[in-house]
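Heads up, the next two complexes both have subunit A, just with different partners, subunit B and then subunit C.
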Partner chain A sequence: MIPELGHFALIAALVVAILQAAVPALGVVRRDRRLMAVAGSAAQTQFALIFAAYLCLSYAFVTRDWSVAYVAANSHSDLPLVYRATAVWGAHEGSMLLWMLMLSGWSAAVSVFNRRLPPDLVATALAVLGALSIGFLLFILLTSNPFDLNFPVPEDGRDLNPLLQDPGFVIHPPMLYMGYVGFSVAFAFAIAALISGRLDAAWARWTRPWTTTAWLFLTCGITLGSWWAYNELGWGGWWFWDPVENASFMPWLVGTALIHSLAVTEKRDQMKAWTVLLAILAFALSLLGTFLVRSGVLVSVHAFATDPARGVFILTFLAIVLGIAFTLYAWRAPKFVSQADFALFSREGLLLLNNVFLVVAATAVLLGTLYPLVIDALNAGKVSVGPPYFNAVFIPLTAPLAVLVGFASAVGWKRAKAREVWKRMRAPAAIAVVLGLALPWLLGHPTKLVAIAGGMLALWVIVTALQEIVRRVRARRDRLQGLTQIPRAVWGMTIAHLGLGVWVLGISFVSLYSVEKDVRLGPGQAATLSGYDFLFQGTEPRRGPNYDADHGTVEVRRDGRTVATLTPEKRLYHATGQLMTESSVDHNALRDLYVALGEPIDKNNAAGDWALRVYYKPMMRLVWWGGFIMAFGGLVAASDRRYRLAKLREAATSGAEAAA
Partner chain B sequence: MRRALAVLLLSLPALAAAALSDEQQARYDALIRELRCLVCQNETIADSTAPLAADLRQQVEAQIAAGRSDAEIKRYLTDRYGDFVLYRPPFKAKTWLLWGGPFVVLLFALIVALRFARARKVAAPAAVDREALQRLLAEEYRREPKPDVESR
Partner chain C sequence: MTKRQKRMVAVAALVAGLALAAVFGFTAFRKNMMYFYTPTDIVEHKVAEHARLRLGGLVTVGSLKRGEGLNVEFTLADCEKSLPVRYDGILPDLFREGQGIVATGQMKDGTFVADEVLAKHDENYMPPDLAKSLVTADGKHSCAPFKSVMRAAG
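And now, the complex of A and B:
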């Protein structure tokens, strides 16, 4: 009964989505406020229906309803409750439902917080979001229905992929999708601006907090994904340049560019056509990522060809959405193109450069991701494009960004004087160079040129960000007042840039100074790595809720003192018979110690010798802290009072109008 | 260790004895991170636990111990498995677009951006836009009476 209700809710949501797309559009054409007003209630109703469908599916998972094919394929009676509740997004159909939940959630949010823009603009944007909903709901109902039933009903489920039975999986996908899909709001408003022909500073100011919010969720999602892969895959890696990762990283890069160009559009009323293009591109890449991940094309171009229903649907949808968006852009955008009203050495100029590097970096990732697919599709053989390619291309394209970031607040709008900027920047530059040179030595690492360069860039970003705060505090006689007067927008920017610096520092050091070793150890034997002794104490059998494990104990000592006790496991999941490596990590700000159990050397070996992989990874944490700090910066910036003030004022005005 | 394991299982004492020098070990560590496990979804032979990956690791080790250069080992592998085995695509006609593309795009984008910023002339903003901008600016200064605090 419950699954049927869920299915019905999806169909009802499709009907509402059609209304949401059609009625407000008609209202805009006829200039009929009442028809336009349908958009808001339709968006909220749609969200309620999708949420109901989502609850129905969750209920089926929690109550182990094996009559639902999707539940039976992705759960098991022994699966712990937290994973049963989140197994909803453990595979394709449920992931699409989560996608829809996010899309309708964002639409409903737009309909609630919409007081600042003219009603026809809001109505158009909600109609665009409704049209997107139609496409995705049709996709779910026609090709990927999570409520399809099983007959005969199996006795038990086939279990959730053990790789996904990890805390990282509980929060990573919702965060990622929230960000991914959130760019649909910027997209919808870009389309609305193109249709209405109104694109001014007010539009940019309105779009900014939405874009920043989507971006901060995407940042969190990517960071959590990296953390999950590190813990769960057992290779000690944290970024693989896997196409699935790239699919979320491309919208992030373009979204970051969009945040910066929106600043120019809001503050200086410039680069408007470009900003609109970026808003379209960011969402286009989200859609492309969905196609890549969901069509099966990544597994093999040929697997895609044998079961093309899903892939062809998304590809067609992608072509329609982007075809319309780019046609509209080509037709209407020339109206917004203005000549630059700024010198090259100005904040606008540097932000323009920032956009160039970010967009080119996204292009490189796109090229590397699609190249093997295209070569294969052309039957020109098979090539692999992996980390060596991406590192070789991506790093030179993004290193200049770190240099640019340092100038973020020192260079003023419109035109800046090089002499004044130099006066202000020479101290941070000197600190970055000197400290950067000394840093590997201070931390006890051998001197490597690339690490020094990375350290210098990171310190440059960090020191200039701190300098901006210090400068603002000192600008007032009352220091405390100086501190509290800093607008949240500035705090947000500064924190995000600090996060970038921390991130660059982490990446530089963990990439260059990680040490790993494959060792064979029997109980009581030790391996030495970077001054740490890893003393293996053997394994013991242990029983988990739905798996049996060999539970290992490794004592880590330094200079005879125990610094950590690590407990890596090798798990055999009952339902699927899959073996999983559960790594164990001890971490602090300066280093991670990571142990993964490989294989027992010989099942019949009474001594209990195991193959182990041990890692020493300096500054690993900084990579994820950097990501979270950046996201936090986004949160602070999105909560700036000028966004809220405007809303209050608008409410007051409309109240006054009503009274009059 | 899996490498040693494979060696053990194959009981090839001659190979197991072929200990690598530090320099050879470093080459080995770097090389196995650039080679793809052909039967896995997307893993290097360093990361993969598949038997084929173990076999390839052992081959790489044996060839390094036998004094072959990285290029020779790669050629040996691509002769057998094609370019698919290399995570660093070789630079050839089929891949020049891949390697050159990003830098050509960068050059092009920089030229366009520079020309855009150079060719500046003060274009009169549309009246509506200016009005909106004035309104916004005015309200900002009203809320923040000290104009030395610029907000972004």
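And now, the complex of A and C:
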């Protein structure tokens, strides 16, 4: 009964989505306010229906309703409750439902929070979102319905993929999807601007908080994904340049460029056509990512759906959406060329450079991701492009970005004076150079040129970010007032840049100073690396809720003193018969000690020898902290009061303009 | 500078950036592109030694031998030919005799020396590259010669 209700809710949502796309569009053409107003209530109704469908599926999971094929395929009676509730997005069909929930959620949010925008703009944007909903709902209903029934009903489910039974999995996909789908709002606003021909500073101000919010979720999602992979895949990697990771990273790069170009559009009324193009591209890459992951063309950990019909559907959908968007862009964008003066050595000039680097980096990632697919499609052989390619391209492209970030607040809009900038920048530059040189030595690492360069870049970004706050505090006689008067937008930028610095520092050190050893140890034997002795004390059998485990104990000592006791596990999940490696990590800000059980050397070996991965990873945590700090910066920036106040004012002025 | 000149500078910067990226991209590509082969390809066509490549096949039942430390040797086969593989490291959780794997490495004196071995996260899962190469002319996954090898071994 409940699954049928869910299915019905999805069909009803499709009908509402058609209304949401068609009626407001008609209203815009006829300039009929009443028809335009349908958009908001339709968006909210659609959200309610999809949320209902989502609840139905969750209910089926929680109550172990094996008559639903999707539930039976991805759950099991022994699965703990938290994983039963989150198994909804454990595979393809449910993920698409989650995607739809996000899309309708964003649409409803637009209808609620943008009541003060010009009605035709909101109506157009919501119609665009409605059209996207139609596509995705059709996709779900036609190719991947999570409510399809099973007959005969199996006795038990086939269990959730053990890889996904991890706390990281509970929040990673929703965060990622919030970000992915969030770019649809920027996309819808961009299309609305192209259609209405109204693209001004006010438009940029409306779009900014939405884009920043989507970006911060995407940042969190990617960071969580990296953390999850590190804990769960059992070999201590935190970024693989896996096509699916790239699929989320490309929209992130373009989204980051978009956030910055929106700033130029808002403050200087420039780079307008470019901003619109980025908004389209960011969403295009999100869609492309969905296509890559869902079509089964990829060889990847994540590519669980391998149904060509789905791939063809999404590819067609992608072609239609982008075809329309780019045609519209080619037709309307020439209107938006601004005539204002544009100096290269100014904030907008440097932001343009930042955009160039980010977009080129995204292109390089795209090339590496798509090239093997194209070669395969042309039947010219099977190739793969490994991480060395991405590292070789990506690092030289992003290093200049870190240099640019340091100038973020010192170089003013319009035109900057080189001498003043130099006066402000020389102290941070000196600190970065000196401290960067000393850093490996201070932390007891051998001197490596690349690590020094990375450390310098990171410190440069961090120190210049802090300097801006100090400067603003000092500018007032009352220091406390100086601190509280700093607008949230500035705080947001500073925090996000600080996060970038932390991130660069983490990546530089963990990439260059990690020590990774695969060793064979018997109980009582020890391996030594980087001054730590890893003493293996053997394994003992243990029973979990839905698995059996070999529970290992490794004592880590430094100078004879016990630093940590690590307990890695090798689990055999009953339902799937799948082996899983559960790593164990001891961490602080400066280093991670990572141990994972590889395999018993010989099942008949009485000595109980195991193959173990034993890693020492300096500053590993900083990579994730950096990501979360960036996301927090986005949160602070998006909450700036200015956006809310400005909306009121803009609405008033544009209303007056319309009247005139 | 006039407005026109500035625009030219901006365009030049953009072009320079793209050119730089292209240069990085293509050098990195040439170095890091790896082709996928099956044992038959290698035995018959003689792949150059020291060229890095990916080798896919099924692990012959009963061929796994452990050596000193973490050294392992096993035989990787497709429908027709088989090839000895040497690997020093930890085999993935899903590595099992009779299962499909993909190894990355290079040929050395008639042995494939792997530095990475991948098995996928599903019992019934075949790496797509491998699955495709095992399909016969009539489009079926029949691999009779290989199965007979397995039966003989098992």
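Quick note on the criterion: the second predicted complex is superposed on the first by the 633 of 660 C-alpha atoms of A that agree within 3 Å, B and C clash if a C-alpha of one lies under 4 Å from a C-alpha of the other, contacts with A are read in each partner's own complex, and residues count from 1 in each chain.
The rule we apply is simple: contacts are C-beta pairs under 8 Å (C-beta built on N, C-alpha and C of every residue); 3 or more make two chains touch, one makes a residue touch a chain.
Quick caveat, the model's predicted, so the values are computed rather than measured.
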First (subunit B), second (subunit C), both or neither touched by A:Glu599: both
Touched partner set for A:Pro167, first subunit B, second subunit C, both or neither: neither
Partner chain in contact with A:Gly544 - subunit B first, subunit C second, else both or neither: neither
Which of subunit B and subunit C A:Arg642 touches, first, second, both or neither: first
Which of subunit B and subunit C A:Pro388 touches, first, second, both or neither: both
In the superposition, subunit B vs subunit C on subunit A residues touched: B
First, second, both or neither for A:Pro523, with subunit B first and subunit C second: neither
Partner chain(s) touched by A:Pro119 [first = subunit B, second = subunit C, both, neither]: neither
Contact residues of subunit A, present in both the subunit B and the subunit C interface: 235, 299, 341-344, 349, 352-353, 356-357, 360-361, 363-364, 367-368, 371, 381-386, 388-389, 392-393, 397, 518-520, 598-599, 601, 611, 613
Touching residues (chain side subunit A, partner subunit B) in the complex: 198, 200-202, 205, 233, 235, 237, 240, 242-243, 263, 267, 269, 299, 338-344, 348-349, 352-353, 355-357, 359-361, 363-364, 367-368, 371, 375, 380-389, 392-393, 397, 409, 472, 475, 485-487, 489-490, 493, 518-520, 598-599, 601, 611-613, 640-642, 645-646, 649
Subunit A-facing residues of subunit C, complex: 3, 6-7, 9-10, 13-14, 17-18, 20-21, 24-25, 27-29, 31-36, 54, 66, 69-70, 89-91, 93-94, 121-123, 127-129
Touching residues on subunit A, where the partner in the complex is subunit C: 161, 163, 234-235, 296, 299, 301, 306, 341-344, 349, 352-353, 356-357, 360-361, 363-364, 367-368, 371, 381-386, 388-389, 392-393, 396-397, 518-520, 570, 576-581, 598-599, 601-602, 611, 613
Contacting residues of subunit B [partner subunit A, same complex]: 1-5, 8, 33-34, 36, 41-42, 44, 46-47, 49, 82-89, 94-95, 97-99, 101-103, 105-106, 109-110, 113-114, 116-123, 125, 128-129, 132-133, 136, 139-140, 143-144, 146, 148-149, 151-152
